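Order of writing sets the chain letters: A, B, C and D. Residues in each chain are counted from 1.
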């Protein structure tokens, strides 16, 4: 009794792709513009910043380091989804105010997460890109709410979402009229425990094949280990990613969350230099 | 830098159990009372009803069949989380009104899902138990919101959630002051594809060991096949479940969702008789 | 280019069932007879014994305890597949000799594992049932070799094998002319870490539906925790299992392997009593 | 009671690394020499060839194409592990004879799989590298047998094996005195179904961190789709792989197995050119 009339017939491994995200219905790639930065073009876009906004000094110092090394968008969490209610939950609106100031200081546009339908308007008032986190990939009221905005959305793959479910989640946003969606592979949950998640880089060519939307990769959550981030960042660009989102902290050892997977400014600067070579080797450039 | 001061040291397989849900901090079982029905006692509670509320006839006929066979709580979805935006999304508030009428007609208390923080008050005005679905198990604003109610919450395990994460999600609710939480194992996602999910019945003794909260099982989503539901319902009671939540539809072949996993009234009545024997075999009774 | 001519069209969830194990090609259940013990009949058969044969006293004391509590087949490993080369690898042929003696003393038939094609003849000279372990479920030369015997084979599901692959592995044995195959669900590997494996009890009704072969369950490896074994053993029988294989050790705390999941003789005796009630509740008896 | 005396204490995510494969016990990388080809050096080694040896023309034409494009080792299966007994099982020794002829014609050394302890001597008489396939990664008698050779072994990660189990399997070989082991990541089994397996490229930096053994990647089995192979091959080299093993067939559409994931000669030649650029971008060269 379920209608799949709007869906394309199965294409890959039984994966059906809904109409609006489907590359067949729109062969040319969607380029999401954030200020002048084109995500989904031949240029690879590097987003970086701390897991969470902690205080003025931490954010400003990290933001400057990101900019100085060549990052072009600043990430930072103000509302944090944490497995335990006893972990740091983020600064809330105070964090948004600090992000706004960091944008003013550095000129970098801001991406930050929204978790609650009631806060979409508030967060949208500060952010240049709204992030939907992994745990909320199938929070349909939230997807519909950001779908009603006319602002870019960075949609992270759920840690146990199939490619098909990921595309269906994006369809919820496009179906409300907002086609400025950036897909982000950030690692899936498997039986392997030596890494925090298993980064599914195969998702990059698969998604690029099935949809016109840009695809970026988060090698920080995808590995959970700082020393693995450069290898996987390079691999992601070699696999065809349109961008990366990387955790950087001016003092990783003091971070309130995800310190063990955050790069220091020096490590990030070194990585940026290496990424340029990889981008060229696949016929692209770092924006 | 993350504080685990409130958590118990690792107990089982590295699984740490937070303080409020922890059986060590409250050895006696929590009994959630829904009207006079005690969930978590020696009596096994059977919840049944359709996947979604479709119309007046469907709900009333199904509700009467549930009651007549011995089910004591009615389930039914008004707001439905669907993977595709093109699938039936539920009747919304109209569905809640029908559920209220079904309660009036049959006397059965109602459990129904809430997905949006903005609708918690509305749904709580109709429901006797609020359900948090699998996709929202880590929707922390929603968990906090239902934590502020003084009403039972049925929390379904995320299809990707470890036992530890499941308990931490429950802790979010208890931490807001609401300890009327029923945990529900409903199948996890694995590599196996012949069943819709893999019903993890080991979660029943594991959860009963770690927490004082009642634990029920959903054999309908846990299998996805109508003909498997009776076997797994019996197995769940044998494993020690405090209750079951089963999809029943007066005409499964016409259901707008989950018809293939819904029991007919006759199948449900047959199962109720069988469950009585299993309950007795483990020293319990069906409420 | 791959031929599936011998396979039945997809039946359940895309799972295709090959011809010889398929219930459609042989509707009546296969009953594997071990001496007079019928596995796959209305009677539930309990197999028990230590993980590995360690020495004379350990095996004889455990075997007597198994027999005394009502177990009817003795398990015990002589050749042990161990993840690490530095763990105890079993006594080898010396273990087989001890098993033979235990059979003489107690009258219990013996099931023991064979891992190497070169040792099939040797092990078959001692064992009443040859076990193919999880790690060897897709060791096709070994499957073919035991397929050429006319002796019962207990085939354990691989820890990451689909139902379809499990049935195809059994088909390798039947295809060589040996239809005395007992399937054993022993837990699959998932993301959950609080249990050793995730016992997939849904495999019981699924396999009973698809094949005529008997299906038993190993609640010891399926959980990894002694205190969970009784719950899951009862659940397995309630789900329709034709038998159980349970680790019992006369002194679990001194076991050379799997001590934490082995029942003591007293625990096993208590469980046997409980299993009788469950078997009756589903219209069966313990053999 | 299990001894881990020989194991290093937990290093990464609770993963313990046994002594002989451990990089701490041998900081310099092991370079496996196949004729003059150094696997594990700064040069990236490309292995290619058909899934299975089918006939004279197929093997010779494919081998020449591999050589002409710059592949330096020829792969080809004579004994094939197939999920179904009704699929093509390989040519057996006749396939080995053809491989030997292909080596004579092209000069390319040969890697081919051995599945049965009884055939190790036979296969070793033909092959330059013996392959242990995924399904046999924990076939300990087989590991011990190839451990007694003094010939390179290509050990493929089991589709269900953790990094720790993979290293323990390699330890079985080294423990017998053969340290010429090449590890191969070939995709793990997860819930995702759009790809044949999930290629875990994070395993490359993880393994390089934990062990001195060379690590190569199989992008063909890791994806299951021909059109994904180039992206993932490039990503593997960018991630730090010491080599690749790629399925190539002179007429993929006629292949008896794995045709859908085999590159044509032209596709392979194109990929080789692209890989040179990636290798240079990470400071290496293609051998």
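In the analysis below, a residue touches a chain if its C-beta (ideal position, glycine included) is under 8 Å from a C-beta of that chain, and two chains touch if they have at least 3 such contacts.
Source: prediction; values computed, not measured.
Among the remaining chains, those touching chain C as well as chain D are A, B.
Ranking every chain by how far its Cα centroid lies from the centroid of chain B, the top place goes to D. Compared on C-beta pairs in contact, A-D and B-D come out with A-D as the pair having more. With centres defined as mean CA coordinates, chain D is found 33 Å away from chain A. A separation of 47 Å divides the Cα centre of chain B from that of chain D.
The set of chain C residues touching two or more other chains comprises 14, 160, 189-191, 193. Within the complex formed with chain B, the residues of chain A that make contact are 1-7, 18, 81-88, 115-119, 135-136, 138-141, 158-160, 164-165, 168, 171-172, 175, 189, 254-257, 259. Against chain B, the residues of chain C that register as touching in their complex are 12-15, 160, 162-164, 188, 190-196, 198-202, 204-206, 209, 222-225, 227-228, 231-232, 234-240, 274, 277-278, 280-282.
Of all the residues in chain B, the ones that touch chain D in their complex are 14, 189-191, 193.
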